[in-house]
Structures are given as structure tokens and as C-alpha cells.
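Consider the two complexes below, in which subunit A is the common component and subunit B and subunit C are the respective partners.
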Partner chain A sequence: MATNQNQSPKQNSTEPKPCLSGRGLTKVFGVGKVQTVAVDHVDFDFNEGEIISIVGESGSGKTTLSKMLLGLISTTEGTIEYQGKPRDISTNAKKKEYWKNIQPIFQDPFSSYNIFYKIDAVLDDCLNMRGFKNLPEEQKIQMKTEACSFVNLKYAELTNKYPFELSGGQMQRLMIARIFLLKPKILMADEPTSMIDACSRATILDMLLKLRDEINMTIIFITHDIGLAYYISDKVYIMEHGKFVESGSAEDVIINPQADYTKRLISDVPKIYEKWDLDTVAN
Partner chain B sequence: MGKVMLEVKDLKTKYVTRFHEDVYAVDGVSLKVEEGKSLGIAGESGCGKSTLALSLMGYYFAPLHYISGDIIVDGQTISNMKPDDVRRKILGNEIAYIPQAAMNALNPTQKIIRFIEDVIHAHGIKMTKKEIYDMARERFAELGLPEEVLEKHAVELSGGMKQRTVIAISTILSPKVLIADEPSSALDVTSQKMVIRMMRQLMEKGYIKSMIFITHELPLLYNVTDDIAVMYAGQFVELGTAKEMVFDPVHPYAKGLMGSIIVPEEGMKAHELTALRGTPPNLKNPPKGCRFAPRCPYAVPTCTAMAPDEKEFENGRCYRCLMSVRKLREVYANGNESKPEPETEFD
Partner chain C sequence: MKNTIKQVFHSGKFLFGFIIFMLILLTVIIYPIFVTADPLAMLGQGNFFKPGTYASIEESALSKSYTLQIPKEFSKLEAVLDIETRAEIQQFLINQAGVAESEIDVTDAEGLVSLWKANYDQNTKYAGLTTAKRKALKRLDNEITAAMKDSGVIIAEKDEEGNLKQSKVIKDTDYVNIKDVTTKTFVLGTDNFGRDVLTELVAATKSSLKIGLLAGLIATAIGLLLGLLAGYMGGLADNIIIFITNLFTVIPSFVILILISYSVGDSARGIAMVGIIIGITSWPWTTRSVRSQVISLRNRDHVNLSKLSGHSMFRIIFTDILPYIASYVVMAMILQISSGILAEAQLSMIGLGPATTKTATLGLMMQWAMQYSAHLNGSWWAYFPVVILIALISFSLNLMNTGLDQVFNPQLRD
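== the complex of A and B ==
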């Protein structure tokens, strides 16, 4: 059930610790005359244990930014700091080490799994990645069962199945079970609810909140739906054409938006408590 | 009361799988849409929304089969017509249907104007190319679509523009009923708003007389349609005006569905987000008794034994539950105490 999202997690009165920060981060695609600046000199500090939303339209550079933070694509300019130190992913070994701390959930659960792996193998992989390869079998099963019950799935019924035998919502929940096993410091959730039903959406959001509350995970939530961002996040960054046009606490940004772009994004979402103004449409 | 544009009486249709199993996807749906009104149909994936949309066209092709019930469009019963007659006389003329991925239906090698010529010729209307072009240009201008679109190919248009173009093409003959199945769910919020605005213009300018809008996004339905029906396992579980349904749902399933609404407004604070557990039943052999009983937090043993009928209460609202409205409201008012703890379960 819903927890109150606006109370900060188990945070001490001490200063919030930045977990991931970026300075002048830029990504340019293309060479020569045909260049697209996807992310344009963005600065940010994502603190530990916070849920941060990055909101923008299609093509605003949200996913490019997330891929840079994940280390899947190189940066053109700028630096990324992880826990106060410059991030180093120059070698494969270092990259693997970094990925122990940052894990993604992608938009499309149907294409996120290896179709040749059974669910059991998917979960085993996570344990191996955390160095539990040589644990006794019972202990492994216990951990996997715990992870599955965290997302309201029954491990015993899943072992012999393939991911594609599950529904979209179940697959996305299994993805969260993986995250629960891996316990990364940062979770990068790239539109995790856009391909699934509005009804299963609430379940996924609640599980993300639970991850934050129980493991103090930093969650970077990428979405185009400002309503979701308002519900789930502590901080919101609004992205337009590769730049952050507005940022701050979810309350400030969404209830009192300053930038025109934010106002437009909010006005584009259907409302139920106020009148939805259909006449102002930007072309 | 306005003139009834679309009336459906106890419609039942089924899918026959290749193993000759019957899947009862629409099981006794009745509805009525008056002139100038719109009806929204909400429900989660797999509840039969899209099958209902297909069934309403009156044009059945395997694996979808018609069982019983009447579909009456402006006084004309179409459910007993031959498929070829339905295709020639009803589709496009009387009923227009926009499927979920409508924009993928545009042939990339043809200009948009060719599709419009196709629609007009397929219905046996004699018009020259020039007349068709003028008509299309006028209609596009009325709907706020640029004229250049007519001379473009589908690949040159953005997703939102493609979707709006498809809607404009399919309503070019001014049908009486428009059935839109998730017309905006593949689009981002800005394009979605433009699609919705266009559908409203179609209604206001009288190009369509009534509309059925299917989606799982409830805030959208609330803003677009006059009435909302909530569908579960092939049946309507509740039907009422948009406002009643969003702010005062009666059926436990409708209540759960309305609890999943997320909007960026201050009012959200007071709103408790609820998650429905479990998945819809398999319609090959739907549960005996109330179909929602296995997932219902308020179910009592009688619920699994006796199937509730659709009952009417308070000027035209209908619901399908064994409990009385008064009792249900009492249970909701008492809050979480009567709610059993959610168990861990597979589905």
C-alpha cells in the first residue's frame, strides 16, 4: 500500500551525501556538420537515499543521460563523480565493479531478458554477481525466495519457467526482484511503468518506494509523466532539449512551476481535480 | 433524452482457439450511447475491452465469433447482417473504428490523399479527385491539420500527426459512431493532448454523432467522456457518469481501479494509491459466482457461489455485486480495518 512519499527516508540530521554527481556533462552524437547535442552541459547532485525524477518529452535527452550515467555510452565532455570520487570505468574490470553499484530497469520488460535463460538462472546470475557463487544451495534458494516474495511472486512456481511466460507486470516485478538481490547503491529506472497497465503501475511504484525505504537505495526515475514524478520522487529535474530547465523538490516544481516548459508539461497531463485546459496546445 | 445512436443488448462473443477452446471475451454487455454523448470503457489488460470494440463493429472474422445479442446503430440492427454488407454499408459510413496501433496501418508508399480516395471509392461514392481533395482539405483545416499532410507520405509524419491523420481519414464519411481503442496510449503527453482535442472537435462540429473511447488511463476518460463503464472479465461491473465513477465508485473493482489514478495535482495528497492484487481470470473457464470474487478484498463465501446480476440504482447507474450499495459504502467508510492483509501470491 502507499507510503507517504514526501517524508524523506531514514535520513539522519547530517548533510545529505551526494551519491552521483555530474559537472558539465555533455553528449554529442554525429560528426562534422551534422551534430545533435543530446545532453548539453548538465550539472546535478543526486543524494543518497533519494528518489530523483528526470522528466521531459520524447527526445529531450533523458535516456541518453541515463545511459551515460550507467556507463553504457561514453561522455563527450564533463565529469561524473560517484560517491565523491571521479568515476573510473576505463577497463572492463572497473566497469564490472561499477555495475555492482548501479543497475537499470528498462522500459520494455519483454526485451530485457535473455530468452534462453530460465527465471532461476536470471536470479542465480545476480547472486553470482554479488560473489555468492559458493554459498550452499539452501541459502541461495532462501535468498531467491525472499527476493521473489518482496515483489509478491512465488519462487517455487517460477523456477522452471521462462521470463516470457509471465505477464508484463510480472516481468517488471521480477526485474525488481533482481534489483533486490543485487542491492546496488543506485537504481536507474528508465520509464519502468510506461509499457504496463495503469493498475499494475501502482504496485511497481510501491515496490520502488519500498526498496528505497528498506535498502536506502538511490533511485533515478526517468519518465515523461509528471504525475508519476510527483507521486514518487523527492526531487525533480525537468529536462528540455538536453538541459535542465528547472529542478527542486517535487512539491516546489510541480505545484509552483516556474519554467514555461514545466507549466506546459503539467498542463498536458489530464487532470481530475481541476479543469483540463485543452485549448492551449504547443505545436 | 437524445436520440439513441448505438444500442447494444446482451452482446456475447467468443474467440475459438486453434485447440477448439472457447474464450468468452465479451459476455453479456449492454450499453446505450445517445447522440452527442460519449462512453468510456476502462479496465485492465485482458479484461475484454478491445474485443468489445471489435465486436461492436458487427464484423466478425476468425478467431472472433458472434454468439448472441443485438447491436443497433441508429435504429438499424447490424448484428444479423452479412459480413460483406457490414463492410460495405456500415463500416466507415455508420461506424468508424480506430485500432490501438492505427498509425502503423498507413502504407508507407502512398500519399495520405490516396487513403482518402480509397475510403471514398470503397463505399461507392462518385467523386472526382479534385472534389475529394477539396473535401479533404476542408476537413483537415477544420480539424487543425495542415493541408500539406495530404501530399505527404506516412514516414514524413510524426507519431502524433500520423495518429491524428488516421482519425481524420477514418471519420471522413462522418460516421454516427466512432470507436477508438486506446488512440493515444503510444504517444507522449503533448501529442496525446492534441489527439484528444481533435476528437473533441469531431464531436463538437458534428462529424461524429457519438463516441466510444477505450483506455486504461482513467484521468483521460474523465476528461473526454460523459459516461464511464468499468469492464472486468468480459462484463461491465459498473456504469455511471464520469464524475460519479471517479469520485464515488461503488463496485470494489471500480474502487480499486480509481485508486490507481495518479495526477500532478495537490488533491493527490489526500488520495490513497491502491494496488489491486492478482490478475484477471482466464476467460476460458471464468470463475463461478462473481468473477471478481477471487481478488475482491470484501468477498464473502456467497460471492464465489452466486453470480451477481447487473442492478440499477440512483438514476441510471448500474453495478454488478451481491452487496447492496449502502453496505459497500459503509465498508469503504470504515476504511482499512475490514481489509484482509494482502498475501504473497504468484499472480
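== the complex of A and C ==
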């Protein structure tokens, strides 16, 4: 499992092209004396087709960074470049255009859905967003069926159901089906497996990888689990208190960590057959 | 949805409140179908007639009489000897006749009369009394003598020469069949203008419910709209809206209510106007609570996802936020209706309620009763049923609200 089997074939053949870059990106919450610096002058270049993991503890600023990249919250300082050009989301139309290229999967599948609408509504939204609103109904159903079968769900069984009638794993798979329909350039996966049991977790990760290969998507994978990051990613960014303390290819960072924080994160990964030394873990 | 409604009706509190409210509502709807008279028709020539059935005296005197030998509750002597008269007799007996106070029992009519007969003589000129008082005592003696006779009531008519001629004698064993004479029942008596309190009360409840509903709808609509915008948009819009809301919250709304009511003038203040005035002064707390609910919702994942799906602000507000706070808004509206009815009562009590002679409201009925001192002269029927009804409406609405709260916030279930 812990081999770097997921290297994109493209990466070796051509020069990596930055898809999303940040320069001096900062987010400060609050004003005056009660300021919290959530993200502190971070620089990065996420290349096209790569899987990038951002690893850190709770409160290290991972989710804030992801929301800035998604354009859900404003940045305090710094610039974000999308495909080599400064990102412009000043108007609603430009935002809509940007969001065609970047989509999220959130941590909690249970709160990702509007419980008052049937599942069909979520998938229809995706088709509308891609401009398929006026397509014949049969064609739409075919596309939705295809997306559902990609994540091993049966569209015919889901069509009349409400989100809360599904299990957490099914909901999260449906979120992947949503991404399959939208085909964005960048997927922002914010701890997509942390609320899901271990069996569904592997399935979902495999589906994400399959999806990456299918539509050559950049996946920004946010997690607190460094083991998972190693398993899935090409590049790893280690985040502590709003700063990147270490970055590089997954192999380099995890096999040969430089920062103390990274070493600690790696030592905290529990291993089966090994008794936990809680004193060490706590310190 | 169906399940939620089922749950709501399984809540004992909600059901109890709902039944009370429905009974009031049905009475308001059904009663006027059977009683078509104008609720504000002035039937009685006088203030505050007691509840009961009133029969025509003339018809009773003239219609066929039946002789019945049954014990009567009515005693002519008791009718003459009211509390004041008894006090007068007692005073006379002590001061003029020199009877010891311990011998007199004012509650015993027969004993009092025998003491009176033994000590009073019309021809004696008692000392220490004014002429008027002496004449009054003489009249009282005549009344008592008349009341003690068995001969009944003589009805006399004037003949052509103007002399009185006896036409009929009503004996104390004479009865009429109540169906032969015209009667009118006032279940709750009449008010200060001689209007049937029950009919008036039903009409007033209808008007008050209308005012409450109108005020509740307006307050909820304004509060909801501002709360949604402030909560969802945040930033400058939020600051401006919350500034205005705070202004309205800090100034007691009842003062604003009084000022607006006064400034629109008597002629403009109808039912609808009062409802509108109450509505536009009571929205701030709805705004505040809706805003705080929306703030907690606007960063939820499903709202973010909806944004990222390219939906417009209004679409997000109406499909992703409003359904989540709908139950809360319904509860807030129920409370607004209840407080609207109370606000109308308060306004009317100080004379700033609907200025109308065509319809009554619960508040106006209270005001009329108060102005004509119903509470001082013991005419409880003019204000007590109104108080009970206001309390019942308010109680039932609040009970429904608590019931709904328990269904929608499972933490509160006991």
C-alpha cells in the first residue's frame, strides 16, 4: 500500500505546469488585539495533474487555505494565480467561471447536502453548471447514471431518495459522482475520508485516484493523516501554525523528514502490533 | 414533512394549545351564523345589566295567568329591605328608639321589621332628624306595610275622566308561561352602552385575531427579510441592518407604538391601521434571531456547495437557508401574533387603539369597561370574560409554540 504507485505518467514525460500558485498568501481573522493569523505568508505551486497533500494538525490553517483557494473567503494578503494568471473573482460571473474549474469535497458528507432536496437536484445542478440544461431528459439521465455507476451507485435506486436516507460512505461517493459530472481542473478534497469508516475510506481514495486518471485533474488533498498523504500523493506540504514548514515529493518528506514537526507527525502514526507509548505521543 | 406534522400533533402541549385556539376560532366563525344581530346594537337603555334572561313586564302583566302554589324565592319584604335600607332602620332603632345594638340583627328581615313596627309611629315627631329624613322614614314605613300585605299588585287604568280604575289584580300566586311573553337572554349581561356582551365579545375576538395576524405577518415578514439579508450578506449590509435593529430595540417599542398611534390621528386608526402599526414596531427581535440563525447556517458545507454550484444569492437564501429556519420562523410568527393581540389590548386601554364605532376589539371592550367603572361597581361580566379570552388566546398560542419547539429541538423533549 505504501508504494508510490500513483505517479501520474504525464509528470515524467513533460515539464510540470503550475495550475494553482500562491505568493505570500495570508489570512488574518479578527481585528486589533484579537487577531488570529490562520494562514501566514505561504508560497506554493501546485502542478497540473498532481496529487498534493497538505498535512497538519487541527488548527494549522489547512481548511482556511482551502477556502481561500476555493474563493469562499477573501485573502488578507498575497495573490493566487490560476494557470499562470492572477485569479480574478471580482464579479459573480467571474466567480462562476472560476468555480467551473475548482470544486470541493468536504469533510462531513452529512452536512454537504441540503436535506430538503432529493439527490437528483445535486446532480442536476452539475449538469446545469456545465451548460447541459436543455439537453433531452434521456441524455441527462444517461449522464447521471454513468456518474453514479462510476462510484458504484445505482442511479435508479437513488433518484427518489433524500440525502439522509444514504449512509455516510454512499453520500461521499455521490460527492465524487458530482465531481465526475463537473469535471473540474482542480479538486479540493478537505479530509474527505475522516468521517468515514476504514472500509469505505479505501474505496473512496481509490475512486479519487481513478477519477484523477480519467480526467487528469489536480487533487489538493487536505488531511491530518500523514500515512494517508504518503499513500496517495505526489507532493506533500507540511503545515504548522499557518506556515509550510516542509514540502517536497512524498518520498522525500516522509522517508527523510527535515523539520521537527514532520518527524513528530510521522512518529504519531499508530502502528498495528506496536504498543502505544502514550507518554511519547502526548509529548 | 408528513412525518413532522405527525410528530407535531403527537406533542401534547401543541395539541392542547391547538384545540383551545381552534375552539376560539370556530366560535368566532360559527357564532355569527346563528346570531346575525349587529354586535354593537345598543339594546339596553342603561349601563351594565346583569347576565340573565329579561322578560317583558307589560306582557307578563297582561298575558294569561296561571295560579301555582309553589314556594317562591322572591320575597317582597326582602326586595324592599336592601342593605342601605337595613342600615337606615338600624340607625333609627339605635338613635331614636333607643333599642340596644345587640338586639338588632340586620340579616334577619322578619325580626328587623317587627322591631320597626314596635318602635316606629308615623305620627311621632322624632328628635334629631331632618324633615327630609322624617319623610323618607314615613315612605319606608308605607313600603314595608305594603310589602307585608298579601293582596298582590293592583293594575289600574285611567278612565275618560282621568280617574284611576282598577283593571287587574296580580296575586302572589299568579304565574305566566315564559313562552307567552317576549324574553331576551344576555348570557354575559350588557355593557356600558347596553350592548350584548357575548355577541360583542365574539365580534371583538374576531377583530383582535385579525389585528394579531396582520401584525404578526408584517413583523415576521420584515424581520425575516432583514434577518436573512443581514445574516447572509454580512459586512456592511449586516452592520447597517443591525444598527437600525438595535436602534429599534433600544427605544421601547411601546413608546414608538404610542407615538405612531397618536400621530396617525383618530380618523385613520382602523383595525388594519392598528395591525400595521403594531407590525412595524415589533420586528426587531425577529430580525435579530433570524440573523443569528442564518449566520450559523451560512458557513455550512451545503451552502458552500450551493455557492460553488453557481447559484445566486437569492436562490441560496430561499432554497438552502430558509427551509432550515422555516420551523423557527413559524414559531416566531406564532409569538408575534400573540404579542400583537396583547399590544392591541394595551394600546386600546390607553385610548390609542382602533378609533371605531363599527367594530369592537378585546382592548376596546376593556377600555369601555374601565371608563364606565365596571370594575368599581361590580359589573364583572363587562371585563372578566375579555380578560379570560385574551389570556386563553395568548396561552394557546404560546402552548403551540412550546409544543413546536419541543418537536423541532429534540433536546427540549422531556
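Please note the rule applied: the second predicted complex is superposed on the first by the 262 of 283 C-alpha atoms of A that agree within 3 Å, B and C clash if a C-alpha of one lies under 4 Å from a C-alpha of the other, contacts with A are read in each partner's own complex, and residues count from 1 in each chain.
The definition used in the following text is that contacts are C-beta pairs under 8 Å (C-beta built on N, C-alpha and C of every residue); 3 or more make two chains touch, one makes a residue touch a chain.
Remember, it's a predicted structure, so these values are computed and weren't measured experimentally.
By the touch criterion stated above, A:L265 is placed in contact with subunit B alone, subunit C being left untouched. Shared-chain residue A:S167: touches subunit B; no touch with subunit C. By the touch criterion defined above, A:K154 lies against subunit B but remains apart from subunit C after alignment on the C-alpha atoms of chain A.
When the shared chain is aligned, subunit B comes close enough to touch A:A229, but subunit C does not.
Number of subunit A residues touched is higher for B, counting subunit B against subunit C.
Within the complex, the subunit A residues that touch subunit B are 1-2, 57-58, 149, 152-154, 157-158, 167-170, 197-203, 205-206, 224-231, 254-255, 264-266, 268-274, 276, 278-279, 281-282. Of all residues in subunit B, only 44-45, 188-190, 192-194, 196-197, 200, 216-220, 222-223, 246, 256-257, 259-268, 272-277, 279, 342, 344-347 touch subunit A in the complex they form. Against subunit A, the residues of subunit C that register as touching in their complex are 300-302, 304-312, 319-320, 323-324. Here subunit A touches subunit C in the complex through residues 70, 72, 92, 96, 99-100, 103-104, 106-108, 111-114, 116-117, 125-126, 128-129, going by the rule given at the top.
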